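Order of writing sets the labels: A, B, C and D. Residues in every chain begin at 1.
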Amino acid sequence: MIVVMKLGATPAQVQHAAEEIDRLGLKSHVIVGTERTVVAAVGDERVEGAKQHLESLDAVENVMPILAPYKIASLETKKEPTAVEVMKLRIGAGNIGVIAGPCSVEDEAQIVSVAKLVKAAGATGLRGGAFKPRTSPYSFQGLKEKGLEMLALAREATGLAIVTEVMAPEHVPLVGKYTDVLQIGARNMQNYPLLEAAGESGKTILLKRGPSATMEEFLLAAEYILKTGNKNVILCERGIRTFEDHVRFTLPLTSVPYLKQKTHLPIVVDPSHGTGKSSLVPAMALASIACGADGLIVEVHPDPEHAMSDGSQSLTPAAFQKMMTECRKVAAAVGKTMA
Amino acid sequence: MIVVMKLGATPAQVQHAAEEIDRLGLKSHVIVGTERTVVAAVGDERVEGAKQHLESLDAVENVMPILAPYKIASLETKKEPTAVEVMKLRIGAGNIGVIAGPCSVEDEAQIVSVAKLVKAAGATGLRGGAFKPRTSPYSFQGLKEKGLEMLALAREATGLAIVTEVMAPEHVPLVGKYTDVLQIGARNMQNYPLLEAAGESGKTILLKRGPSATMEEFLLAAEYILKTGNKNVILCERGIRTFEDHVRFTLPLTSVPYLKQKTHLPIVVDPSHGTGKSSLVPAMALASIACGADGLIVEVHPDPEHAMSDGSQSLTPAAFQKMMTECRKVAAAVGKTMA
Amino acid sequence: MIVVMKLGATPAQVQHAAEEIDRLGLKSHVIVGTERTVVAAVGDERVEGAKQHLESLDAVENVMPILAPYKIASLETKKEPTAVEVMKLRIGAGNIGVIAGPCSVEDEAQIVSVAKLVKAAGATGLRGGAFKPRTSPYSFQGLKEKGLEMLALAREATGLAIVTEVMAPEHVPLVGKYTDVLQIGARNMQNYPLLEAAGESGKTILLKRGPSATMEEFLLAAEYILKTGNKNVILCERGIRTFEDHVRFTLPLTSVPYLKQKTHLPIVVDPSHGTGKSSLVPAMALASIACGADGLIVEVHPDPEHAMSDGSQSLTPAAFQKMMTECRKVAAAVGKTMA
Amino acid sequence: MIVVMKLGATPAQVQHAAEEIDRLGLKSHVIVGTERTVVAAVGDERVEGAKQHLESLDAVENVMPILAPYKIASLETKKEPTAVEVMKLRIGAGNIGVIAGPCSVEDEAQIVSVAKLVKAAGATGLRGGAFKPRTSPYSFQGLKEKGLEMLALAREATGLAIVTEVMAPEHVPLVGKYTDVLQIGARNMQNYPLLEAAGESGKTILLKRGPSATMEEFLLAAEYILKTGNKNVILCERGIRTFEDHVRFTLPLTSVPYLKQKTHLPIVVDPSHGTGKSSLVPAMALASIACGADGLIVEVHPDPEHAMSDGSQSLTPAAFQKMMTECRKVAAAVGKTMA
């Protein structure tokens, strides 16, 4: 860390800062500038509370960390990219895996038929919500365990890997029983008891970025899961909240190449939530693959007009199939393989 | 709702939209404009999934709701403001209640001594984290049940109402046993199982706004609690995430008068998290009272330099006392009472 | 427009709103709902000040426009896409045009050599700042007219179309004398006297989106230019300001497919300013093409280490050439042509 | 500056960075950490292009400035607060100056009558737009010189200081002839030719913060004016663009105490644009004064319903008078004087 002293900090205050740095097990290094003095703190600065402590010292202006605060997620810790393989779903290591399906599981016929349709188009994972976090308590909250059973039937019928959301630590065993990949939703990215419970299940986790999370917070959330010993974490960019009002969320695809420079974890993009409008989804799916994403998670509904949630951002099976054909061309152009 | 049809929508498509509106139990009303046709949907538009359904219709451009989606929280439902009174803490009905204390409970001596100091300065509630949500898994996570016991001792010693965070549904009974007000943290504003479990406890709930939540989402989160039958909800503005980099969060105080126009629930402000810097806290506390807040929640630590978390945003007891003196003057200027 | 009346609006207030709508030359249409009354205003609602006027009426809650406020820029006005062709630069109509060059023109040798290098790699336009808007008054402000002369020499040597920024209305004639495309920078997107002066010059205009501009404001800025009779406007997405701190700006590529649905004007992307880091530029260039952009504007410097401005976001000529090879593959995959 | 080297930077790369720092006239200081090496650059780091240059070096991860980039605006340069006094308008030095008036000058009777009304309520400055920057080219653009003449008549009739916007460098002499304070609007905060022309006029300048400007950019814009030798700059916080959709802009009042810690320039707040709704203006005016603002600029229209622009955010004279009475109480509570 670099501890920047206030203008006019006295030698005694500087010395106090240096001593506190040493007391934390770091090595202090005073640099007297022409206007300000800074004290460098050399060593593993990720000491619990070190930054907060130094920031609260009397003549300290601010404290700038040098090291990233996450460790296990870091590319510096593990240089080879992590690839995930669950059932037929392959994400990473040159493979683009596509997870598709409806926002909510509505009934058995619906989910089985969608599963077959998206599989035919090339998807290897099936998404579908059984426990649904909804902004309004008056909206449809999902079929819960019945929905999970229907997902399991769809898996049986197609061999697709099941990806579904888990909303509370106490649901992890139940949801885990029926599914292959546990999804942590954007609203729960910093629900730490949930991250830990999900991590401890040993299941593959798809972690969605919170709509106001920085990259550092996103990777620290992944770190909560990785710290349980679970190595199978897929990051998912799904859009952030900004002033833009023509989309539901702003989809910042630069996250993809940036994360590739910082972490070994695979990255998928959700262009459905990331735009909120089905007419914008295919273009953003192509862009995701072009900039290096390892996969996609896309909403597809056989009859978007009658979807019980998020119909306006769901593709029809025909639109999905067309998108997949175009995605394969872009994937080939960037040297990737798609099922 | 107003359903705006796409340019060039055919009469058949307009009629289909109208029929779907009627099918939802609303009454359709077609208005043919010079450039576009819109269809008004008259009735209680908060029908489950109605907006999504209409948005997904073929020639529909977009759907604009007319009514606020929350009901119990609405000032239209309950015209007289809700006031909260727990132990000596009075929030609302002309009273400004101040909750103060350290970010984390660290040991018995610390919490009891802070409790006495803030009480002497006029606080009627004591804050202090026992279960701490922390961005990094490597940061101090709180003393958990031991911390709760210490809070209970501080209550015994001072009579202050205890306000502390609960992070998971399964912790609600435990945390509820020791405290007077359950705090739902900003990261958990949309943790719906937690909102419901907290609501069902019957305890007073202090609900913090999520850093990227709109006012509507904030009130819908309150609605989740209110829907359990629990009427004692305090809203807390604690800052939003924006591009500003000179503060930890942007504190949008306009929320206070805006919420007063929309809801009967009382509103407190957290200028500590809302700025992230102790030197900015007193000015924003004064501003909060001036614009109509019913209370404050403020971090105070006897020795911010050695705080185990958030030291840089904690006031010293002396600074807190000075702030309270100034707050009382502003409260008087706007016709409010402070302990 | 839809005028939403406040709860409890009296019949007289509703009638007054209806009369005001009629007075504005629109046709009012009252719809009495179960909870609220709305009044539709049918006709060309883009009457000067109509929305503001109706919003200020006594019992009006809010006013929702139905029509987009821009006209000439609208795809509804002109259905066939506008393509731009200046010198060898072709943007739109299936052609992807790439404008490349240094942030600032530094000397003749530099600009001529870069021009040759980027031309060799496939660029058909040359960018380079002569008048530089800089955040700090202490930063390099550009070579001004001398820089323009150097750009003209580079054009002579290569046949590339020159794209350079104009910062003030009184500079338009001078800058226009030397260049083919006048760039309006992001900071000046709502500098209306400049938009008008640039438009009146008849030159092709490259209009950059302001970092906090909505799509509607962006298209209205274009409308200022189009209204002068100038039809040659290129829109440029260059990133918006959000809370993200790992990039200089957030690059919201969804703008590209969205704008394609709203306007006939061609759209280019600036991945250099849109990320601020050269290592992220190539991936975002590929993504831009994949999602439908008509062109790119990219910073290339022969020696980024010694660039007088923005070195950290400039590609080396070698990196640019590699990027262009990859771009051509993605362009082919989406059915576009690149020089 | 602190230059952070990439992990695995070679000794030769570190040495190169150190040499480049020395070559810029700063003094390098290498600190070898356990994981990374950083090189401190001691001296006046505000050397032109120094940060960009160092950032573009081969093994440099990033460069963190230590010093604020503005100089003349800094509280470190001038410790006593700057107070402005123009006609009867006093801003700073314990005085709260209030500038009030319509968004646009509409006719002589209107502006003279508003001037008298706001003066009676305690305003000492009169605002009113003659040149109006409007988002849409189809909106009312102001009466231009005729409007200026009307403002001069209002000044004659009341003695209020006239505050009006100037939009282009070539209008500075004309606008300056009729007015006491030149306003630079939010859209033009980074219109550098305009800042310089306005500064050189010697007139007092009211500089509005751009809706996506950081505090540093805001103070650097002020620096452009101050650098011309003009010392009379008033900063104006008028709201920023965020995801909040219940207000026109988010009004981040923490700017006020923050700026007080960084600059000697006086700060006023514009709660009219900062909220966009007249019903929210009085509360935010009170909050502005409570947190230390030196003044207010507020829209008042004798008949908001018939205002030619921004009617919905204008107060009636009666509402303004009531607000002023309340403001005086809060001003007294924080030890300030109001006319």
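The rule is simple: a residue touches a chain if its C-beta (ideal position, glycine included) is under 8 Å from a C-beta of that chain, and two chains touch if they have at least 3 such contacts.
Being a predicted model, the structure only gives us computed values, none of them experimental.
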| item | value |
| --- | --- |
| Number of steps on the shortest touching-chain route linking chain B and chain D | 1 |
| Comparison of B-C and A-B by number of C-beta pairs in contact, larger one | A-B |
| Far-end chain from chain C, centres as C-alpha averages | B |
| Cα-centroid distance, chain B relative to chain C, in whole angstrom | 38 |
| Separation of chain A from chain B, taking each centre as the mean of its C-alpha atoms, in whole Å | 26 |
| Junction residues of chain B, two or more chains touched | 212, 240-243, 245 |
| Residue ranges of chain D in contact with chain B within the complex | 212, 214-216, 240, 242-247, 250-254, 256-258, 261, 274-275, 279-280, 283-284, 286-292, 326, 329-330, 332-334 |
| Contact footprint of chain D on chain A as seen in their complex | 2, 4, 7, 29, 31-36, 38, 40, 42-44, 64, 66-67, 76, 241-243, 245 |
| Parts of chain A lying in touch with chain B, wherever the complex brings them together | 46, 48-49, 52-53, 55-58, 69-71, 133-140, 167-171, 187-188, 190-194, 210-212, 217, 220, 223-224, 227, 240-241, 278, 304-312, 314 |
